[in-house]
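Quick one: the structure is below, and I'll ask about it shortly.
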Amino acid sequence: MAGNLIIPSFSLHSSLAAWIQLISSSFLDKSSSSHHNYRNSKGSTDFCVRNIDHAAFGRREIEIAEQEMPGLMALKKRAAADKPLLGAKIIGCTHITAQTAVLIETLVALGASVRWAACNIYSTQNEVAAALAEGGYPIFAWKGENEEDFWWSIDKCINNEHWQPNMILDDGGDATHLMLKKYPAMFSSIKGIVEESVTGVHRLYQLSKSKKLTVPAMNVNDSVTKTKFDNLYSCRESILDALKRTTDVMFGGKQVLICGYGEVGKGCAQALKGMGCVVMVTEIDPICALQACMDGFRVVKLNEVVRQIDILITCTGNKNVVTREHLDRLKNGCIVCNMGHSNTEIDVGSLRTQELTWEKVRSQVDHIIWPDGKRIVLLAEGRLVNLSCSSVPSFVVSITASTQALALIELYNAPAGRYKDDVYLLPKKMDEYVASLHLPTFDAHLTELTDEQAKYLGLNKAGPFKPNYYRY
Amino acid sequence: MAGNLIIPSFSLHSSLAAWIQLISSSFLDKSSSSHHNYRNSKGSTDFCVRNIDHAAFGRREIEIAEQEMPGLMALKKRAAADKPLLGAKIIGCTHITAQTAVLIETLVALGASVRWAACNIYSTQNEVAAALAEGGYPIFAWKGENEEDFWWSIDKCINNEHWQPNMILDDGGDATHLMLKKYPAMFSSIKGIVEESVTGVHRLYQLSKSKKLTVPAMNVNDSVTKTKFDNLYSCRESILDALKRTTDVMFGGKQVLICGYGEVGKGCAQALKGMGCVVMVTEIDPICALQACMDGFRVVKLNEVVRQIDILITCTGNKNVVTREHLDRLKNGCIVCNMGHSNTEIDVGSLRTQELTWEKVRSQVDHIIWPDGKRIVLLAEGRLVNLSCSSVPSFVVSITASTQALALIELYNAPAGRYKDDVYLLPKKMDEYVASLHLPTFDAHLTELTDEQAKYLGLNKAGPFKPNYYRY
Amino acid sequence: MAGNLIIPSFSLHSSLAAWIQLISSSFLDKSSSSHHNYRNSKGSTDFCVRNIDHAAFGRREIEIAEQEMPGLMALKKRAAADKPLLGAKIIGCTHITAQTAVLIETLVALGASVRWAACNIYSTQNEVAAALAEGGYPIFAWKGENEEDFWWSIDKCINNEHWQPNMILDDGGDATHLMLKKYPAMFSSIKGIVEESVTGVHRLYQLSKSKKLTVPAMNVNDSVTKTKFDNLYSCRESILDALKRTTDVMFGGKQVLICGYGEVGKGCAQALKGMGCVVMVTEIDPICALQACMDGFRVVKLNEVVRQIDILITCTGNKNVVTREHLDRLKNGCIVCNMGHSNTEIDVGSLRTQELTWEKVRSQVDHIIWPDGKRIVLLAEGRLVNLSCSSVPSFVVSITASTQALALIELYNAPAGRYKDDVYLLPKKMDEYVASLHLPTFDAHLTELTDEQAKYLGLNKAGPFKPNYYRY
Amino acid sequence: MAGNLIIPSFSLHSSLAAWIQLISSSFLDKSSSSHHNYRNSKGSTDFCVRNIDHAAFGRREIEIAEQEMPGLMALKKRAAADKPLLGAKIIGCTHITAQTAVLIETLVALGASVRWAACNIYSTQNEVAAALAEGGYPIFAWKGENEEDFWWSIDKCINNEHWQPNMILDDGGDATHLMLKKYPAMFSSIKGIVEESVTGVHRLYQLSKSKKLTVPAMNVNDSVTKTKFDNLYSCRESILDALKRTTDVMFGGKQVLICGYGEVGKGCAQALKGMGCVVMVTEIDPICALQACMDGFRVVKLNEVVRQIDILITCTGNKNVVTREHLDRLKNGCIVCNMGHSNTEIDVGSLRTQELTWEKVRSQVDHIIWPDGKRIVLLAEGRLVNLSCSSVPSFVVSITASTQALALIELYNAPAGRYKDDVYLLPKKMDEYVASLHLPTFDAHLTELTDEQAKYLGLNKAGPFKPNYYRY
């Protein structure tokens, strides 16, 4: 069975029950076999990371991240006076990065206790995981887990004799679904789920539709702070970085095709246009296509330009957007990468055939060579290139992470009845609060409404300032 | 309850009832006194415009507009085969421009009959009104109506012996409210209202809240095609034009403060940055403020920069954003104008005092001169500068007008029960349809989903492609 | 004989002698026949303008221009203390606009006396000419001169009993050449010529080559302040304005072809890209072509894209860049205009054939209609569209005009021997001085070199800061 | 007068004569002591690199560079038919990178033989040097040379029994000056020098002034292909890359001060503005300052904004632009780096005092910590950050390298008398030729002049197309 769990496709989970079977039988000796992390300096063994000895390096990365995460740091400062998560027991299942570490330590400072696993088998920063383990957090994650490891780690978070979770912070829905399937009783006692990813949210809505969702859930993925900041600005920053670090390509004058003009595509297009690329766009949605036109990008079909483009970037959330047939027709030297939500956008599997030669030229960079000598440059084997090949700005992650923290606080403290067993968007006021935590970084000064103006607009002076349907 | 002329401020007409009284007594001889428009070439007298003799010039303007309104022209083409508005009797109350004329003629081609008045006492293009009157449409509008004229004209549309309206297309809510107050029986027989403006929508939601809305209404103002195209792109185009035509100002290096970073402010900021201005922004909403930061604009308070800016533009939808105190402190030569939704943003009234001299230097351009010789350059007396001093791109209007036409068709043809007596947003699918009508202009080629992809995404191949809460 | 004097082509002047003949015989009654400008308020009749009664309006335009011409105003301030042009008698032959008026009054304030004619039969602002005449300046210019008028006016400046010119400020070389041909003795007594245009400079270099240049001349056209400010920034500002005022075209998504990527083309391309156009470029010079590539513009041949473009702009300085064959193939509605240096770039003459219909739809806007109904939109009949259809920012003109004033001062005051009978570029130091006069407008603060830094760089602390070949 | 290592400051070697003394005494056993590079696979020992075993890796880097250097590759293709450098014996002293290797191999393919040393003690790519040595080229360079090594290496190139150089390709002037001082007889037999750097050109002009230049020299540094491509576009690309790779900083909303608005500053400013930074500029030259204003950047003094900026970038070519006093006042976390021509712009030496702590957080990244805990982030210890911390686009280097190759060809083949013992700029026609070699990369199609047009413009159809003073 294939090994790509960045965002597990749905079909994988039809056999979740089977997996649980498999996983259950392999739990025994995980930590003792493949890792050098038996014990942290305080004697704890309740974790599983690659190498606890790298904790100091990871700690420095966490400290650097803290400098650029003003939202979380501001939340953390309030911990002393008011522990809004006191008593919260949170299962976390997310990418394990320095920024996540700042989130974890913030949640704990706010009163929570946590257990944490990775939502992705490739993205764990081992040094950061080590630093967290050394800090006493039960963390079960390392880069290069196999699927068995993956489920084992999540299970280690959930299934614990003396610690009964009451909240889930999920990214992709795997912790949620494992608990739902394997520990249904525990699941029904959960006070709330906070979910960040497209996929995880999709699964929650399906659960809700089929009446199987027995706890309230917050859809953080569709928060304005996620869609309009994490997607747009983060991708604007990271696409250039990812392409440069891997290929040293010059941008000026390059013909770039961006498949998909959602927030991710918009961010990529803006950055590349700013660097002198000739950018074109493909779209299925006429509204986004019309935006692309008005923004100065030609809207084409991939087939029409496949022979002339220098760089091809997918940002659709769809599958098989770039097929073998397209790849066959790309010109020599074309760079191909994926910024969308999963590794299915480019049909990389179709390139693993005998007549093509793969040559790894750098980390994350493969040349695929056709019999006639034509090469394409494939980045990160079609996985998320910004996650694999560039840094993600901590500041933007801070916005999303603060939203996650606030969603946990809201669900944990909401009076009975405020939230039913359904999927919610974060109240507008909290989105605004998260944004306000990040303004001091820019020395930005908000204008306050006068009483007269607030009355004229029918608004509270402290917000919320916009209706829920406002698009930003 | 107050009437709401977009341009005249609320306080002018404290009581609609009193107005109706006044208006009723002055209906008799309107058309015979102040206008040269007794009769069109076919002998009709059922209209009131400034000068029917200017019809030919207006007709040419309409023809020019048609070239840039592909959405309406495409809808019009279907009229022969399928008259979806057959039997619809529409009261229109909007700005009367060449683009509106294309909309009116489209609606009629789709089967409707109409009667039309202006929603604004200044914005009517007299030649276009003449062309419509000459074309046989009962149109009651001229530039420079007084308030009495204004209400008289709307009343002439509504109150007609042989023609009972069943739809309203409103911009500001005045037709809706006049009918509701003065002809309540007629109002309750209406099949639907389509409303375009912020103000009108606000009033509809208030009616709905107080259970006085007895017909379904479409909120077109918050359609994606309005907020993301009409507001953003139209303002991006027109701010430069409005400033140039009135003042010939050079943009390069100018310090500009934009109050409000909604769609209008975003459009203005982008255009001015593109021309080499140093742009700063004020905001009350931390989310929009954070967007401004990430887009490279400093977020300041007006007070902090009032002495250094060269151009001040309001786009807030608020009142008294620029006060006399601010105006006193602006530097010599500062240009002040309003791109927001009403003339209240700049407290122009406060400038009409004895110590200040007003000097009209060009049409729509006043120099206000302080005793020490300082001048500020006020455009359009604080009214909407893009409407007053620039053209609005027909293409963008076509998007909104097509949306209005589709909203009318939807409400008119919806099976009983689909819409209750409430305020609705247009179904996503129609937004997408409107967008698709405008893509051929750009020779844009949409990509189609394969069956496999549609299934993967859980979408119909023909759309809709996005959830309702999608922000674009 | 044909009537295009914007920049008279060389061939016209082969028969200059014949013209002089013709002109001489028609001098008698010019001012008494076609103009209402017999006498200004002080009784002078030494001028010829369209209508002296419009002087007040022109004066206001001059005052508005003064606000945006800080360089000239700063020079003017020094007049009281130090009249560097005392005794200078300057023949001016330039476009007559409000900005020129500010230059003229500055020169006079610096001690000069002047006589002035227009260098172009279409570009004179009649009200400004009237204001100058009313102010006592001998000015001979009106909009719509014929060729006879044109040469008569220049001759009126030169040939004057009691006033012997000693300097020429020329734009196109016509004053220079008329004097050289008709008044060679007077010509040889001139202290210096300042020439602004490409054409005039070209003619000066030809004179120099053939040893006929008997006075020193300054080539202002190739000053950095002209090429890098007047051409680049002025065109960046005016192309949008010219297109909007004439056609109200929406820029977003439009496909634009710019012929020529010199400073003018660069300015146009940057402005249009900033507004969301898809811009392409044609070039003959590989260096400029490579710049276009690196700036993100595709470099194509006109033939390759002629059927798809929405707007076609020439900025080459060449002739017949757009031929009838191209025009035949443009798509319906394409806008065609010229930003280059003369009206020869588009072969407009080829459109004046029987099968094509010309329809003037607005001032400066013609629709040319093909038998099959296709229309193209031709602006300003192919003449300079920014001069004809938009304002030119006074600020940028101030930079060039200050350069002209300084060039006059330099030539007039230079010690014998500094300049020989040749064509010179303005000393770098003066370019820098002109620039420094314009910085306060932007509240720009220059950094000063320390003694140590000046020594390290081998520079004088007061400049010049760059070698002559520096490109900026 | 002193030698001029770009990186080591002048004071290090107050007397070249003394150095030569020192160097001469240390030549004996260099290659035998500190390197593992005794012999390449063909048995040659005429080279000195770090580790010949890394040749294969270096060869791959050279092959990758070749893909992006179309100009050199096109020149190389002509080698078979026409060896324009046959007999040329070239001393090279430049940065040793993959791109340089492509240049070296091109020169050899054109008929030259070469000996090569590094012009910089830090910038050598050891693997590339190894690949060249393995390829049989006498190369003397490794990363981390000391000054003694540096001069020894150059001397090894020059002083060779059986190989008498007749051309010099220099970058900084060190090969030129060593030969001039130590081997004056050899120097006077040189056919030409090609110099690329600001510093080297400055030294050549000084030699020329003092009549000590006895050979013709080409100033490639001021070629349009260098100033307008290598400086502008290369820096536009590399500033983002250098900042991201070292600090992962988010650009959006950051306040950046760029010292110097020459080509390098312009490139940096454009890139950072495009990514949403708030960019300000310092300048000493009013012309460049005015350009910055018109381009939308505020021109300030460093002192005025030193407390508010997030990133400080020097691009002045000056020394001590950022002093200890400035550094003391920067805010916590400010990133400081240099893109100018030498490491003197930031007074890094002033930071090496007892009260400040240096903490190396990553390669090329130091935190300097003040007693109160404030940190600044210093990149590359103030050396050229793009050279140290980012890749330089091969394509842009190809433009400069092709220019160098053509300059060598021109000087080597010029008929006697064409060049005297002076410093020349490359003929315009060759600049154009270099540009044309790089257009096919972009599929750019040049337009050709018709005979009629060429005549009208007074140009040869094949160029050159511009006068020498044209600025681009």
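The letters A, B, C and D name the chains in turn, as written, and every chain counts its residues from 1.
Methods note: a contact is a pair of C-beta atoms (placed from the backbone, for glycine too) under 8 Å apart; a residue touches a chain by one contact, two chains touch by 3 or more.
Worth saying up front: this structure is predicted, and the values here are computed from it rather than measured.
By number of C-beta pairs in contact, A-B leads when B-D and A-B are compared. Ranked by distance of CA centroids from chain D, the top chain is B. One finds 41 Å separating the Cα centroids of chain A and chain B. Between the CA-based centres of chain B and chain D the separation comes to 58 Å, rounded to the whole angstrom.
Residue positions 233, 252-253, 273, 275-276, 293-294, 298, 441-443 of chain D each touch two or more of the other chains. On chain B, the positions that touch chain D within their shared complex are 252-253, 273, 275-278, 293-298. The touching residues of chain A, when paired with chain D in their complex, are 60, 64, 67-68, 233, 236-237, 240-241, 244-245, 248-253, 271, 273-276, 308, 333, 361, 390-391, 393-396, 441-443.
Interface of chain C with chain D (complex): residues 202, 222, 224-225, 227-229, 233, 282-294, 298-302, 304, 317-321, 399, 425, 431-433, 435-436, 438-439, 441-450, 452-453, 456-458, 463, 465-467, 469, 471-472.
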